[in-house]
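Take a look at these structures.
After this come two complexes, each holding subunit A, first together with subunit B and then together with subunit C.
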Partner chain A sequence: MQGYIYPNEFELQWSLLIVVYPYLTGLVAGAFILASLARVFNVKEVQPTYRLSLLTALAFLIAAPLPLLGHLGHPERAYEILMTPNTRSAMAMFGFVYLWYLMMVLLLEIWFDYRKDLVVWSRGKTGVLASFRRLLTLGVTDLSEDALRFDRRAGKLITIIGIPSAFLLHGYVGFIFGSIKANPWWSSVLMPVVFLFSAIVSGIALMLVIYFFSTMLRSRPVDMACMDKLGSFLLYALIVDFSLEMLDFTQRLYEAEESISILGQMLSSRLVLSLIILQVLIGTIVPLVTLFLVAPTVRKRGFLKVPDEFRRLLYFVVAVFIQIGIFSTRWNVVIGGQLFSKSLRGLTTFKVGLLGIEGILVAGAIMLLPLVILYILVKVVPPWPDAEAVVESELTGADPVPAVQPS
Partner chain B sequence: MARPFAPWRGFAAMPQQVRRLAVVIVLLVAAYFTARHFLVPRTFGEKGHYRAAAVDSIAVLPIHYAGREACAMCHPAEVAKKAGSFHRGVSCEACHGPEAAHTTDPIGHKPTAPRDRAFCVRCHAYDPARPTGFPQIDPVLHNPVRNCFTCHNPHDPTPPRPPETCAACHGEIARTKAVSPHAQLACTECHTADPRHAQAPRQFLPSKPASREFCGRCHASDAPPPAHLPDARPPKVDLATHGPRYVCWQCHYPHYPEAR
Partner chain C sequence: MADERPTPGGIDRRAFVGACVAVAAPLVLSAAQQAAPAAPDTAHAAPDSAQGATGTPRYDPRTHYYGMGVDVSKCIGCGQCAAACKAENNVPLDPHHFRTWVERYVIHENAEATVDSPNGGIDGFPAPVAEGGVVRSFFVPKLCNHCANPPCVQVCPVGATFSTEDGVVLVDESYCIGCRYCIQACPYGARFLHPVSHTAQKCTFCYHRVVQGMVPACVEVCPTGARVFGEVHRPSSPLTRFRRFNAIQVLKPHLNTEPKVFYANLDGQVR
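== the complex of A and B ==
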């Protein structure tokens, strides 16, 4: 503790789990927006990540409410937020935004996209997995050209609806912080926008890591055109995100409200590691410079000619750095907003615990859980291009078969 | 030939996907409303966003507190004494504990009377969050070991001797001023307090500087150094041009001027 703080500011009420929450929802929104790039804007190069992005978004979305439930306690009461909707509470209404996004966007889009494959994979098979896949088709086994065209068109329509929904999903998180007017670190109309773009950055970076890692794990060749495109998208998103953050920063500095001096003190003492080193340097400047030099953006081969093997490794490292940076961003928003006193005259300290519901172990477990869910999802509905069912054969009258039998 | 997407042709004409999904969605919506039917309490929303019957279920909880009127019926002398003291706003049971049982069985249930120093300092230990003027002491330094009630009657806690320093009640201001550029100025440099302020603080309020010239005695550009602090170099301003429409303390907090 330093300077003067009010007695109720000594202990932070929003702790590590509340840091994890916007981090996870950001990844959901980001992964989905990458998927929609492939779908709506027809970016051919990132097609290999399309299905993987959808499944990743779903896996992270399922885990996203857990930090909130853990933080609030009494998870058995969570359903009440949906049973008795309170239209005057943004947090309560978010339950419906979440539900809309889960049920009407993600699950529907995945269903339309996989229906053909589910039918093909389960046809004539027995066993738990095949039965489960058959159940997932909802009995819609029509593989005619019309039906498949309808699937594609419906999927595209849902993606188009999904983009504003994904914006709403993560914009809401920024909205909650941005609308806390008593807190000068949070209260900013730019907050939802900044959150959104950092979500896109983190989502693309996550997909880069997962795509690279899963391809390596399956001993398949990494599609460098896809990696290069992801790298350049990452650079563009990072530039917008960084510009917005700098705009926010400059505005605060120029506006110089009475809080500026304590916020300056906080930046130069409590947040040196997490904001200046991790968020700005490791999470933004280093990736920006690296991507600018190696990603094919202005020049077709990038400014530095780097062999493919090294370039994809650079992308991977940059994406990991970005994840560290974005997690620090969430940390700096959530924890930073509670480190200074509302008297604007003092700073408190925060030490994260190891055990307990708000400790590192629980937070770590919640952050690993989406990867476990993703593993299961990938087993049920493989997203790999080579596992996709070839239904063109349907037109010639032969039985459709997957190119490679999924496990 | 591709069948155009035309939902207006009726349910049967819709693609199979839409029909199946519609069934699933209808089932889910029905499940939601069925769940609402069974899970939302009957009286929810009657009076607001809560279960109205909660009021009744709270009303039947056992009563622990008797209320001050019940005390006044048998203990008029103590209640009258307290009513004229600084503790007039403190309920009897705040110190004596919940005593509804005492009202039904006065002999069997005797109220407790706190005799421990730790009890009084719950309210009267120095805490910067407490309002200024609220009597606050440092429990370590203030007549150590002795029980509070040896000097203060809890029913009329006016101290036997008036506080000797302003800091006895205005601890937060004293502590703030102690680390400010005004540390060496006595409170009486700027405030004049009627001696009766120590006994009846709200009836006899101390004065505050009412003019810019008052601060100007030290801070005007042509002001000489303060007589009793010849080495002091207070910041100077031109009173004619520096915020002429305001009294100084409207912008500068005198107990911690130019807080940084």
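== the complex of A and C ==
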């Protein structure tokens, strides 16, 4: 502790779990936006990541409320947010935004996209998996051309609705912080926008990692066109994200309101590692420079001609760096916003514990859970392009291409 | 007949007198209730019971609107208010949970201020460390400002914290989910999460006392009368008198929370 803090500020109100929460929802929004690039904007190169992105978004969305729930003083009363919401509260909208996104966007889109496959995969099969897949078709087994066209159209419409919904999902999380006028570190109109773009950055980076990793695990060739496109999208998103953050920073510095002195002290003492080194240097500058040099953006092959094997490794490393940087960003918002006193006269400290509900172990488990969920989802509804069922029976009378199980 | 002749304003005398009584009676009654300490039997009457065996009139929140005045120049930093508050309201006794506390400001010759509040002022204050000399020193009692425009109420996702009709911001402990958003939204550090109940807590203006005609515990024990409790809108209220005779400031007015804790003789250093 340094200087004066209000006595009640001794304890940090929001700790590690609340850092994890915006990190997870950011990944959901980012992964979905990548999927919609493939679907709505017809970016052919990233097509191999389309279904994988949808499943990743779903897996992370399922895990996203857990840190919130674990953090509540009375988790058994959490349902009251849905039952008796205070309509003036930003946080009360969480349940509705979440459910809208889960039920109306992700599940629907995934269902329309996979219905054909589910029917083909389960047809004439027995066993638990086939029965479960049959159940997932909800009894809609029509594979006629009309039905399939309807699936495609519905899926596209949902994606179009889904893009603003994804913006809403994470922009809204930014608003939860940005609308707190009591806290000068949070209170910024740019907060939802910065959250959104950092979400896109983190989502694309995550999909790059998952695509690369899963392809390697399945011993399939990595699609370099896809990796290059992901790399260049990552660069564009990173440029926008970093520009917004610098704009926010410059604005604060230039306006120099009464909080500037204590925020400056916080920056140069408490946040050196997490903000300057991890968020800005490792998580932004290094990826920016690397991607600028190797990703095919301005030039067809990038500024440095790098062999494919090395380039995809660079993408992978950069994406991991970005994950570290984005997690640090969430940390710097959530924890940073509580390290200085609202009396603007002092700084407090925060130490993460290993055990306990707010400890590293629980937070780590919650962050790994989406990967476990994703593993299960992938087993049930394989997202790989080579696993996709092709309904040729109606065209040629031949048997449908059987589902190839992920290795 | 003369009695029935309409007055120039269009109301007859009987109606006028009736209206006067109707308007004045609650004012006089509640003013009397406030001026005189409540009798022991009335003080322990259930606040919401209808006119009961004791003959106490039912407490009507619509006829009150409370606030507090704090005269900074009268505070001697004894910390009795903070101690009384902890005893009255079952506030944890550790030095990190307070519904009210006292801050000491020491203004140095270079115009810098150092602030401290060891154990909320309950154990008194050590002699100030005077690096380069002290220009001035004073104490500032702090508590929930019972804002008319309370950010904590706005953000509560389930409406567990709310503004009462009589102008007090309260928390429903049986409803609070413990998300701590209200604590984040309070600009004054007036809220905390109770370590046992796991719900948000804050100053209630000793609502349980106030509805029985008593003043909050901190006001009751203040030896110098630095705290004044009363009605904001009533001309006869001690608070109105306090506001009439002092230049008033509130904390962090730029945040537009419209506090109802009014400070007299407040220094610009206080945040």
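Keep in mind that, in the parts below, the second predicted complex is superposed on the first by the 395 of 407 C-alpha atoms of A that agree within 3 Å, B and C clash if a C-alpha of one lies under 4 Å from a C-alpha of the other, contacts with A are read in each partner's own complex, and residues count from 1 in each chain.
Note that a contact is a pair of C-beta atoms (placed from the backbone, for glycine too) under 8 Å apart; a residue touches a chain by one contact, two chains touch by 3 or more.
Computed from a predicted model, the values in this text were never measured in an experiment.
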Clash or fit, subunit B versus subunit C on superposed subunit A: clash
Which of subunit B and subunit C A:138 touches, first, second, both or neither: first
Touched partner set for A:345, first subunit B, second subunit C, both or neither: both
Partner chain in contact with A:84 - subunit B first, subunit C second, else both or neither: both
Partner chain in contact with A:153 - subunit B first, subunit C second, else both or neither: first
Which superposed partner A:6 touches (first subunit B, second subunit C, both, neither): both
Contact breadth on subunit A, by residue count: subunit C or subunit B: C
Subunit B versus subunit C as contact partner of A:73, first or second or both or neither: second
Which of subunit B and subunit C A:365 touches, first, second, both or neither: neither
Location of subunit C clashes with subunit B - one stretch out of 147-155, 219-227, 237-245 or 255-263: 219-227
Overlapping contact positions on subunit A, where the subunit C interface meets the subunit B interface: 4, 6-8, 80, 84, 86, 345
Parts of subunit A lying in touch with subunit C, wherever the complex brings them together: 3-11, 13-14, 68, 71-75, 77-78, 80-81, 84-86, 88-92, 94, 176, 180-183, 337-338, 341-345
Subunit C - residues contacting subunit A, complex: 95-98, 101, 103, 114-117, 120, 142, 151, 154-159, 175-181, 183-193, 197-199, 255, 271
Residue numbers on subunit B that touch subunit A, as the complex places them: 2-3, 5, 15-18, 20-21, 24, 28, 32, 35-36, 39-40, 44-45, 49, 127-129, 176, 259-260
Complex interface listing, subunit A residues touching subunit B: 4, 6-8, 79-80, 82-84, 86, 103, 108, 111-112, 115, 138-140, 142, 145-147, 149-151, 153-154, 261, 345
